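Scrolling down, you'll hit the structures one after another.
Below are two complexes that have subunit A in common, paired first with subunit B and then with subunit C.
Our next item is the complex of A and B:
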C-alpha cells in the first residue's frame, strides 16, 4: 500500500517536472519570438536598404534567443534532477 | 495584433532611418557651396541621384537636368516608402503623400490656363501621390471641364468646381484646405491617429503663420488673409489665426510669443524668417520622432527632410548656374 503510494507520488513529481520543463522552454520561446518580431522586422528593413547591416542585424535579432537558453537550462535541470 | 503593428513600424522606420543616413549632411552642403555648377553635378553623380542624372543627361543639361533628376528621385523615393510600408503606416503615409496630387493638379491647371506645352508641365510633375505619371499625363491632355468631371467624387471636386468662377489662387487654397481636411479625418488606431493628426496640425500652424506674415507684409486685408487660412491648427487655431489677421504686422510679432513655432525676436527679412520657421519645424519633428520611434513620425520626418534636401539642391544648383555669391545662396538654404 505504502509502496504503491510512493510510486504514484514519484510518478506525479516526474510528470510535474516534465510539464515544468516543457513550459520553461515553450514560454521562453514564445517570449523570445515576441521580442524578435520587432527586432527582426527592423533588421530586415535595414538590410533591405543596406546590405552592410546583415551581420549587425542578425546579431541583434538573436539576442532575445538567450532567454530560451535559460529556459532550456531550467528544463534540463528539471528533467535530470527528478 | 499589437506586435504585428509594432513590427510593421519597426520595418518601415528602420528602412527610412537607413535612407535618412544617406541624405546629404550639412558639411556636404558647405563643400558643395565652394564648387562650380559642373562640380556640383559630378558630386551628385556619386550620390543617390546618379541614376536619374544618367537617365536624362541625353535630353537635358544644366539646371534643368538637375531639376529633373531631383524631382524624379523625390517621386521615386516617396513611392518606394509607400510601396514598402504596410498596415496603418501605409494608410497614413499614402494620405500624407497626396500633397503631391495637389501639387500636380495645381501645376496641370496652371499649365492649361497658360497654354503651356505638355513637356514643360510634365517636367514639374512629381508623381508621388495617388495619381501615377500616366494618369497625370492623361489629365493634362484633357479639357479642364473633362478633368473636373473625372475628379468628381474625390476630395478635390468641390475646389475644382470653382474653376472659371473664382481666381486661381483661391482654387489652390481650396485644394490645400481639402487635402488637410482629408488628412485630419484619417482613421487609424487611437495612438496613431493622435500622433499623426498632431503632426498635421503643427504643419498647418506653420503654413498659416507663413501665409499671415506674407500677406500682411504685402498689405492684404484681414478678410483676404482669413479666406486663405487652413482650419485645424495645433496651437494657432482658426480663431487665433483670425485674430492675428486683424492685427498690424508689429502686433502679430508680439502676439506670437509663446507659440511652439515662434523663436524669432525680430523680422528684418521675411524670407529669412520663413527659413527660420522651417528650421524650427524640422527640429520639432526630430524631437517628436525621437519621442515616438515606433510610429509614423520618423517616416514623416524623412519625407520632410528629403524635400528640404531637394529644395536646397535646387537653390544651390540654380544659384551656382546664375553666378550668385555663396553667402546669398547659403542664406536661402535650410541647412540643419
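Our next item is the complex of A and C:
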C-alpha cells in the first residue's frame, strides 16, 4: 500500500527524472571522454611533430563532444517534461 | 565574394632574347601564376640565366648572416625603402664588407666558443685528479714504470693482484665512480691495462704543472675569452642596429633576382622564341596585355578545358579577409566552388557571441585583442586578433541581450544584489525592461526558447548547406548529378524538419502560452482527425502499430513530411543502388546523421549555459565569502572571484571558439565544401624593403 503511493507520487517521478537527467549527461560525458582520449593523444603527438597542427588538433579533439550535447538535450527534455 | 576570383589563362610568346625583359616585367607586376609545361620535340624547357649561380651564392651568404643575426623581416618596421639602383651599386661592396665585418666576427666567435668549451673540459678533468691527492709530477714521466690514471667503475685491486704483486694503487671515490692511479712495471703494463679495461677504465690526461696553477691559468684564459666574446657580441649588436634594414633589402633584392633568373625553367624555349603559360585574374588582363604588348611580347588569351583547374585566388572584401585563415585551415576552395569565407565571417563571431554572451568577458576579449594587436604586428597575428575583436563585440552584444556581466544578475527568488556583485547597478541598466534582461537564458522558459531557436538555426544552416552543395555540383557536373547527390538530401532534411515541427506541435510548443510554449504561433486545429492538442500530447510521435491511439497525433506537419521523405527515398535509391548495389539502401540511415547534426547545434545553448553557471557560482561564492551574512572575509572573496572568472574567461574563449569552428567545419562545410584547390601564387613578390621602380 505504502509502496504504491510512493511510486505514484509526483516527487518520486521528479526524482527519477532528475536522476535520469544526471545519468544522461554523466554517462554521455564518460563516453565522449573515452572517445576524446584517443584523439587527444594522437593530436598531441601530431602537435609535437608540427606546431602548426595545434588548431586542427584541438578541433579534432572536440569532435566527440556532440555526444555530451545529445545527453544534455535528453536531460533538458527530462527536466522540463516532468 | 563567395566565389574565388575569375581567372583567365594566357600565353606569352616572344623572341628568346626578350625572356629576361619579360621576367623583369612579370616579376614587377606580380600577377602571372606560371604553369609548368611539358616539353615537345621542338620546344624544350629553358635554362636559368647565367647570373643565377652567382646570385644564389650571394643569397646564401646573406641569408646565413640574417640567420646568425636573428633578423626577422616581419618584425622590422621599414623607415625608408631603398632604391633598386642603390642596392645594385652597393651590392658587391656591401657583400665584401659583410664578409669582413660579420663573417669574420662570426668565425672569431665560433673559435672563442670552441676555446671556451675545451677549457671547461680540461677544468672538469682536473677536479677528479685533485681527489687523488698526488701531485701531477708524480703521475707521469717515469722510465721503467707505467702509471694509469683514470676513472673505473669498481675496485680492480683483486684482479691485478692475480697477475702481479709488484704494483701500487691509489683509489678514491668521485661522484658515482672511482678515480684510480695504478703504478706498474712497464713490461706488465699491457696485461694490467687489459684488466683495467674490464672495469670500464677511462683515461684522464694529467697536466704538466700543479693542479691549482693550471686551474688558475685556465680560469684566466677563460675570462679573457669571455671578454673578447662580449666585445664581439656588442659589435655585432651595433652592426645589427645599423645594417639590419639594408641587409634585409639586399636579401629581398637577391631573392627577386634569383626568381627572375630561374623563370626560364618554367618556360618553353625554341631556337628563337619562348612561350610562357599561366593564369591571371580576369580583371587585370587589360593592364597585363598593355604592359607586355608595348614591349613586343605577345599575350594571347587561351580558353581552358573543363578538366583544367585554374588556381584559386580568394576574393573576400575587407573585414572577411581576416577569416580566410579559418576557412583555409579546412581546405582551399576549388576554382568553381563557393568560397565559404564570407559566411564564416558572419556566422563565426555570431555563434561565438551567442555562446559566450557576456558583456564582461566580451569587453575583456576586446581589450586583450586591442592590446595584443599593438604587440604582435605580423599579418597572421593581426588577422587572428581581428577575429578575436569581432568575437568580443558580438559577445558584448549578446551579453546585453542575455543580461550578463561576469555572470547573470537575475536568479529565481533572489535579489540581484544577492547573486551579483554589481546586481543592483545592472538591474538599473535594464530599467526599460523592469530590471529584466531582454532575454533571460537561465530561467526555464529561456532555456527552452533558446534551445528551440538554436535548433532552428541548425535546420536552416543544414538546408542552406545542402543548397550550396547543390549549386556546386550543378556548376561542375550538371543538374542531374546535383539532384541525385544533393537535391535528394534537401528534400530528406526538409522532411525531417517537418517531422520535428510536427513533434513540437504535438507537444504544444506552438500553441500553449509560456512557459509551456511560445504562445499561439500556429492555429490549434492542425490535426487531421480533428482532435485537440491535449489529446495529441500523449502521442507526440504517431507511428502506426507502435503507439496506441496514434491517430490523435497526426498533424499537418507530419502529413507534409510524408511525401517529402518518400520522394527523398526514391531519388536516394536511384542515386545509391547503381553505385552500391542493393545494400545501398542501408545508406539511408544517413538521414539520422543529419538529425544528429541538427541536434548538435544545441551546443550553442549548452556551452553558454555552462559558462553562465560557472560565473554564477563564482559570484555567489564570492558574495557569500566576502559579506554578511557570510564569512565576511573580503580578500578571500576577491581571490575567489578573480581566479574563478579568470578560469571561466579562458574557457570562455577556448570553448566557444572551438565549438563555433566545429559547427562550421563538421556541420556546415561537409554539405557543400570539398576543397582541394591550388592556391594562386603569382610570379613576383611584394617588396617590403625595396622601392618599386617606375614603369
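Brief remarks follow.
Assume the second predicted complex is superposed on the first by the 74 of 82 C-alpha atoms of A that agree within 3 Å, B and C clash if a C-alpha of one lies under 4 Å from a C-alpha of the other, contacts with A are read in each partner's own complex, and residues count from 1 in each chain.
Rule of thumb we're sticking to: contacts are C-beta pairs under 8 Å (C-beta built on N, C-alpha and C of every residue); 3 or more make two chains touch, one makes a residue touch a chain.
The model shown is predicted, which means the values in this text are computed figures rather than measured ones.
By the touch criterion defined above, A:53 lies against subunit B but remains apart from subunit C after alignment on the C-alpha atoms of chain A. When the two structures are aligned on the shared chain, A:69 is found in touch with subunit C, with no touch to subunit B. Applying the stated contact rule after C-alpha superposition, one finds that A:44 touches subunit B and leaves subunit C untouched. Of the two partner chains placed by superposition, only subunit B is touched by A:34; subunit C is not.
By the document's definition of touching, of the two partners only subunit C reaches A:80; subunit B does not.
By the touch criterion given at the top, residues 34, 37-46, 48-50, 53 of subunit A touch subunit B in their complex. Looking at the complex, you find that subunit C touches subunit A at residues 329, 444, 447-448, 451, 596, 599-600, 602-603, 606, 654, 658-659, 661-662, 665-666. For subunit A in complex with subunit C, the residues that touch the partner chain are 55-56, 58-59, 62-63, 65-66, 68-70, 72-73, 76, 80.
Only residues 3-4, 6-8, 10-15, 17-19, 84, 294 of subunit B touch subunit A when the two sit together in their complex.
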